[in-house]
Structure formats: structure tokens, C-alpha cells
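Let me begin by handing over the structure; questions about it come next.
Chain naming follows the written order as A, B, C and D, and within any one chain the residues start at number 1.
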Amino acid sequence: MSGVTLTQAVKKYGDTQVIHNVDLQIDEGEFCVFVGPSGCGKSTLLRMIAGLEETSAGQIDIGARDVTHMDASDRGVAMVFQTYALYPHMTVEENMGFGLKMNGVPKAEIKAKVGEASRILKLDDYLKRKPKALSGGQRQRVAIGRAIVRGPEVFLFDEPLSNLDAELRVDMRVEIARLHKDIGATMIYVTHDQVEAMTLADKIVVLRAGRIEQVGSPMQLYKDPDNRFVAGFIGSPSMNFLNGVVEGGKVRIPDLNRVIEANVTLPGEGKPVLVGVRPQHIRVSEQGDDLTLDIRERLGGVAYDYLLTKNGDKITVETDSDEEIDEGSTVTIEFDLENTMFFDGETEQRLR
Amino acid sequence: MSGVTLTQAVKKYGDTQVIHNVDLQIDEGEFCVFVGPSGCGKSTLLRMIAGLEETSAGQIDIGARDVTHMDASDRGVAMVFQTYALYPHMTVEENMGFGLKMNGVPKAEIKAKVGEASRILKLDDYLKRKPKALSGGQRQRVAIGRAIVRGPEVFLFDEPLSNLDAELRVDMRVEIARLHKDIGATMIYVTHDQVEAMTLADKIVVLRAGRIEQVGSPMQLYKDPDNRFVAGFIGSPSMNFLNGVVEGGKVRIPDLNRVIEANVTLPGEGKPVLVGVRPQHIRVSEQGDDLTLDIRERLGGVAYDYLLTKNGDKITVETDSDEEIDEGSTVTIEFDLENTMFFDGETEQRLR
Amino acid sequence: MEWLSIEEWNAVALSLRVSLWATFAALPLGLLTAYALARWEFPGRQILNGLVHLPLILPPVVTGYLLLLTFGIRGPVGSLLHEMGITLAFRWTGAALAAAIMGFPLMVRAMRLSIEAVDPKLEQAAATLGASRFWVFVTITLPLILPGILAGSILAFAKAMGEFGATITFVSNIPGQTQTLPSAIYAFLQVPGGESSALRLVIISVIVAMGA
Amino acid sequence: MEWLSIEEWNAVALSLRVSLWATFAALPLGLLTAYALARWEFPGRQILNGLVHLPLILPPVVTGYLLLLTFGIRGPVGSLLHEMGITLAFRWTGAALAAAIMGFPLMVRAMRLSIEAVDPKLEQAAATLGASRFWVFVTITLPLILPGILAGSILAFAKAMGEFGATITFVSNIPGQTQTLPSAIYAFLQVPGGESSALRLVIISVIVAMGA
């Protein structure tokens, strides 16, 4: 097992640059998740590490080896694909043993290692089957098993759960977490789903438009985001952003007709700021008429109130109370300074 | 606008019966959601109402008309498909006006109604475009607009949000809720997603294997499910079910080494029962060694603990505490009788 | 047309007439067959499919021979038609029949693919919006498969322009009667000094083929 | 073979020889072309694609004529080969060349479709599992496209067995030398009393075509 280091990694297609000078250190045994909206370059970056995309500039090291221009087959990685990519003409057993066979391992040893992996992944009963006779979840387990048996230095996962239905996705997420705990290998995992990122990662890398926005542990990103993008991307439902203006060292929020304190270094007088509050930290109050309670969604244990400002902007509030304010009522909201973040209105960087 | 009534509706493909004698009353102006796992027959039932599948036996009425054997085009419905089903050779405007054109409405009137719908759905800027130049969310709005403009007696939605990504899905869900509030038409909506069902429905119909399991309002189904299937299907994460045995008028739970009271009519001594507790109603305690804390997932505002019994069964607990019990610790759980449901171990029906 | 001899010009004109007739006559039947194969479930569907593809699988000469057996003056269908005053063998109409049959599989296949590419949900959506079966076909299905119909017709036309084996076997190679472009090229090559005529016709053939 | 005359038997044997040679000789080049068209991006890709499909678009007689111009004894390539002791025109080798060229588009198309149907992710997964390019091709790609290679070869063989227009134009119709099955059928039909010979050969043709 080895860590992975990217140094000023760049990817261009012709004149279009899709990965911009990425520096990143992934430690040995770490579970690192690349997350971001579609088109942010997270899969491209993974494929560059795998050797499936050429690196246009910069350097990629796996352990102590510079693999930047090495063939995929020589990098000592194993990749799990969203579409499983199982070989239809081989049985589950042959699929799982493929990596060892290619590396010239004796048959008896292959059999032993496949048996071990299939026991962990509960695939013993399916070893003689062809992939098409398996369910989606079983196929994904075979794909993971194929990677395990190969015994790679680094595991690469490219949105491995996106083709599974919601319930199975939660189960497989827990299985992957347990797998990492058990074998302790370096894993790099790509997803667009922030819940997967939050629950699986030791280290999350948030990407946007081919650039790293922030790197950190899940709770670091949740509690201390560097900018508006990360704050809005991590956490569900998304953080609310209210428009504000600096006024006499405080922040005026026109939509709420209110001036609030701010314990951060604000930009100059009259400059715009964004006031960020998570839906969990807002209370709806009937003592005001700044907002309208548009729609209430009840999910049993929890409810979401969608409020509208006079400009038509939406504010989401999470409540678990059974309190009944009618849809269509005029309301206002309360929130505490300690749960409020401020962002520069122009650069969208966090103000601290 | 009209209600819809199904009387002993049956669908067979050859010898295979997929819908079993369904009786259902959907009131005028009601938002009714058919929900269930894939293969439960929810889409088939919708297509029978639409006239896209023949009804093998029984009767379907829309308003006062028996439409059982009527052509789809004469039923006065409009259907929105998961794949949008927009006409690639027509502009957005022509797509939206199609229903009226087919019914011989004058051009000026079509233009007026399309304009009205496009305003509501914020499609004014896209009227002259072809569907392929639109994003997924815009396409789905055009499909909804096409149905609105037609002015049907009943709107039918077949998993309309399944092809959208998670974030957009929440937005569109809220838009559909608002649409129903605004135009107040009868809507029948098919989904496999219990969150959509909970948030949109006036009335939920839970289907399994072509049979209705329970009909009721979202909170009725959540708080008072009729059987184990509905209890497990509605609510997220799913309800936990512990195996129990009736013992001297109480219930013994071997996995927890514990006998608990039950304020319901239990089956005979020694009979199996299932004890249902939602993840939100369980507290993890270190004062015991019945269970192991396998994996903890933190999502920022909330965390999930996955516990394992000695048999390897999984128990999910939702906590919002920051309390730190290490993964791998031996623990036990506490829950209150008022939040506990009992189900017959053989019939899986709720015990009351 | 000064640079073409009458005989050469005859061959070109005949080929065009034969191919156009073959294409247009086959069009409605081809569309119906393609629609049936793409959309309908009926017993004998596989047999119909095989039958349609037969001219593609059989050597053209064999197809021509089978046409001669069936539609020749002494053949079962041919004698019947002959009594009704229609003769096919050794006439340009026969050449058109041969060309139509040879082009039919190509035409049906292109149309069938385009029909299969139409999402049935589009037609179902139209139905729920109040369009009857006829209007669904006219306003939705037909515009969507038009490129396929066109492609199929062009393929059939090109095939008809180039068809040689079945034609020469069925209707022979009678100048001004049944001598189509390929037959004429072949004939000119058999005669010493005919190369220049053959070359001119080859050029016309290539131009027509490329255009289509 | 008592029920076939020597001349008939000659035609059958020649056709089989010509078709087998044509198919096997075209196989490696066809596979390479199909792979290039399916997977590689290179300038001239569209041109190569057009070139491969040319024999499908051009009338067979025209193709035969172009072969004659190129590979005839006085043609640019033909004269070169002639000096090296290889003559194609009016020889069975020429018939094989004509058959190979006519069957080539069908062969390439079937192979190309099967190559395009292979998910590149399968090959990429193999690469990340440690398989070199050569082993990826041998263990993953080849087994997956084998049905396509087989189908393409059978199509090309069937086409070769039935090919008439290009063959008769390029190598003529010399009994025992270049008279393939279709040429023989045609020839027998021209001679009074040849119908029974033609019929027997047609039956053989149909059996071979159906078998393939």
C-alpha cells in the first residue's frame, strides 16, 4: 500500500484545460473522496491517477514511484467502475481472479485468494455464475472483489454506487466503509453525492471546474467551509444564503428588514456580503411578515418549510416540531449568531 | 376535473396476473401517490387509468364516465412520463400546444394558453427552442406544461422526477406541490421514492406485488401502519424490526436479553412477534454488551450508528448528539414503549 | 446529348425509368412491411423477416432465375398475368420487378430501424393528449421516420441502378428493351472497341451512385 | 458426384475455392480496418470508411470494370504484378479478388459493429488490473468480438458465393477457369436445354446460402 501525490497536475483536451494545476497529497491507508457537481473534473482526475487518461503536465506519484507516464497496467492500482465492467464471457470466479492471472500467479494461489474475497463479500454461492445472472448489487460486489483479489497499492472507485437503487446504495456504502476498516488500503473514491462523501471519507476533496475548492475531513468542511461553494455543497438540505450589506460595522439584511451583528472581519461599508445559515439552525416565527410560508413537506420524523422572501428567493427550514403554521402565512425567521457564517459578496470567500 | 374510481380492476398478461382486484376511490382535486418497490404494479395501474394498458377485468370510472374500454385519446387525461417524451421535431411552444391542436382549438386560444402555462413554469425564454436544446429540468417542465395546457380532468405522472439529479429533484418536487395547490386538479403520481410520496400526497396508496397494502394520508401511514411492509417502506431510514417471542403476556427479545411490556393483543404463548422501532426513537447506551457498534456515519447535522446483533442482524440508530462511542464498542439500546410497534411474526400484520 | 450514342442514352434512360418505378412501387409495401416487423407481434413474423431478406442472401442470379420460374410466361404467376395482358419476362417491367425485389430488403431495413428508433412513449403521450391513432401516426410517427423512409428509398434506388445479376437472368439484355446501365456496360466490354462506351457509362453510374 | 456434369462440378468447386480464399485473405485486413474505424481517430478516417463501402454503393459491373482497369494486364497494378508472375485478370485468382472486394464492406461492417459494442470500460478495467495492451486484446476484446468476426466472415463468404456482376466483368466466364456458380447458372440459361443444369446449380446455391 502506498500514498498518492499529485504535483501541479494538468489535463488538457486540445486547447481546453479541464484540470488546473492540482496539488494533492493522499496518505497511505487514507480514504479520500473526490466530490463535486458533474463536469467538475473529479472522474478525469481519478482516471489520470489510474493511467486511463494521459497527464498533460505535472507529476503523479504512487508511493515512491513517478507513474506520470506509466501504462495503466504497471501502476499497481485497481479500479471499480460505475457500470461494474465485468467480463460477460467469464464466470464470477474468473472475473475475480483475472488480475492475478494477468500477473502470472499460480492457479492454486488464485483460487485461495478468490475464495477469501468471495467469503468476505458473501459471493460464495455465485462463483460459477456469469455476471448477467447476478443482480446489480451482486455485480458491484464482484467488481469490488475483483479489485480486492488483485491486491493493489491503491483502490480507485468511480461512482461505484450510482447505478444502484437508493436502499441498496446505503447498504453498499456501509459495506465499503467496513471494507476499508478491514483491509486498511489507500482508497480514492469519486462521487457527486455529498452524503457518500461525508459518510465514507477520511479526507474530502471538493472540486469545481477542474480546481480544488477545499480539502479536509468531513466535519471540517461541514463546520468550517472556506467559501460559499463548499458551504452550499456539503450538508443536506443546502445552506441558505441571504443577501446582506455592510452598514456601520454590522450587516443589514434587506429581505428580513434587520441589522445583525457580525463577529468577523467585514469588507468596506456598503459592500455586499452573503449570510449563510443551515436549515437546521433556523426557527420559523409568526411574529413578523417578512416572509411567506410557501410549502411544508412532512417526512414523518422531520419536516421542511420552504419560505419565500418578497423577491421570490427561497429559504429552507428544517423542523421536527409538530407545530402547525398554515401554508400561505406570513412569517419571519430567527437564528443565532454562533450558527451564522459570512461570505464576501464578490469573491464568495468565507469571512473570518 | 373529476375523481377516479377503480372497481375490482385486474390486469393479466397471458396467465400472469399483475394487478389483483384493486378497489380505489380518488376524490376530485386530490393528489394521490402510488408508491411501492419496482415490480409492484404501480406504473401498470397508472397506465390502465390512462388507457395505455387494457384492463383485463373490473371497471375504471373517470368522473361519471365508465372509461374501462375507451381509447386513451378519449379519456380526458394527460400523462407526464419519466423520460419526458417530448416531440423532438417540434418547438417547446408546439409541444405545449399539441393537446389543444389535436382537439381543434383555434390558434389564438392555443397561443394564449401556452403563454399562460409558460409564464407559470418560467419557460417564456425557451418557447422557440427544440427540446434537445433544453436541460433535463427544463424538459420536465415542458412536459408538465404540455399536460397543463391540455386542461385534462386528471393529471397522470409516471415517476416524473426519476431522471433528474438529486438537487433538481427537490426543486421540482416543490414546484409540483405548488402547481397542485394553484390549479387544484386531480393528480395521480407514481413513484418508488417514499420521500416524494410523503411530501406530495394527500393520499398514499402503498402497493406490493399488484395488491394494495394500505391507503391513507402520509402521516397516517407513518404513525399507524397496518403491517410490517408499510412500516418498513415509509420513513427514512427504515424502521428496525427485532425478533421477539410471546412469553407470559410480555415479549421477550433474545437479541437484547430482555423482556418488554406490550400494550397490544399478542398472539398465543411462544408465538413469534416482530418489535418495530424507528431509528429516531432509539438511544445507544454503553451500559450493556448485547450489540456491537459497527459503523458510524456522520452527515453533519445528523449521524447514523449501525449496530450489529450477535446474529449479525443490523439495527440503525439516528443520533444528532456529538457523543463519541468508538466503532467496535459493545453497547445496548433503549427505547420507549410508546414509540414501539408490534407485528405478528407469521402474518406480519400489525398487532393493536 | 451528343457525347452519348443512342444505344448508350437508351440504357441510361431505361435504367432511370426502371429504378424510379421500382422504388416508388415498392415504397408503400416496404413501409407497411417495416412497420409490421418493427411494431406488430404476429405469428409468422420471423418467416416474413426471412422472406424479405432472401434477395440479400441468395445470389442475384438465383433470384433472377426464381423470378423467371415464377413470373416467366410459363410460370404460375407469369402465365396468369400474361392472360391479363401483362408480360414481365424480357420486358422493362420485369427489370423493374427484379430491381424492386433486390432493393426491397435494403429499403425495409432502413425504414424498420427508423421506426424502431421512435420511442413508443412519444406516441403514447400523444394519445393521452387526445390524438387518435391516425393523428398520432401523421403528426408524430411519420415526421420522425421520414429520414428513414428517405434513406431506404435512396438505398433501394441506388441498388436498382446497379442491379445486374437478377436483371440479366430474368429479362436478359435486349438493347432499348431491357438493357439497363450495368447490362450495357457489360455488353460493351464484350465487344472489341466498346471500351470507350463502357467507360462513359461507368462514369455516369459512378456519378449517380455517389449522388445517391 | 454422378448427378453433376463435370462442367457443373467444376463451377461448384471453383466457387468454393474462390470464396474460401477471398474470405480468409480478407479476414486480417478486414479486422484491422474494422478496428481502426471503430476505435481510432485519425485524419482520413471518413475517407477510409467511404472507400470500404464503395463496392456496396457502386454497381457490381462498375466495380468489375474498375478492377479490370487497375488489375488488368495493361492496368497500373496489373502490369506490375504480371512482371512478378502474378496474373489476376481472367484467372480464378482474379475472381477471388473480385469476391473479396465485394464482400469486404459486409465483413468490415459486421466486425465494426461488434467492436463498437465492446464497452471500453471492460478493456480499461483489465488495464488497471495489470493486463498489457496485447493481453487485453487477447483475453477481453477478442473473445467478445468473436461472434462479429464469425458473422462478418460468413456474410463475406455468402456474398462471394453469389457474386456475379464484378466477377463476370473482371474475369469473364471461362468454364473451368473463372466460371463460378452464378456465372455457370447464367451461362446454362443462355443455352437451349441448359435449364436442368441451371436448376441443379440453383439448388446448390440456395443450400449454401441458407447454410451460411
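Quick note on the criterion: a residue touches a chain if its C-beta (ideal position, glycine included) is under 8 Å from a C-beta of that chain, and two chains touch if they have at least 3 such contacts.
Since this is a predicted model, take the numbers as computed values, not measurements.
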Chain whose mean Cα position lies farthest from chain C: A
Centre-to-centre distance between chain D and chain C (centres being mean Cα positions), rounded to whole Å: 24
Geometric centre distance via CA averages, chain D-chain A, whole Å: 54
Rounded Å distance between chain B and chain D, as computed from the means of their C-alpha atoms: 59
Contact graph of the chains (line, ring, star, complete, other): ring
Chain pairs that touch, as defined at the top of this document: A-B, A-D, B-C, C-D
Footprint of chain B on chain C - complex, ascending: 119, 121-122, 124-133, 135, 139-140, 143-144
Sites on chain D touched by chain C in the complex: 57-62, 65-66, 68, 158, 161-165, 168-169, 181-183, 185-186, 189, 198, 202, 205-206, 209-210, 212
Contacting residues of chain A [partner chain B, same complex]: 38, 165-167, 170, 173-174, 177-178, 181, 192-193, 195, 198-199, 218-219, 222-223, 234-238, 278, 280, 294-295, 297-301, 304, 306, 318, 327
Parts of chain B lying in touch with chain C, wherever the complex brings them together: 50-52, 71-79, 81, 83, 85-89, 98-99, 102-103, 146-147, 150, 156
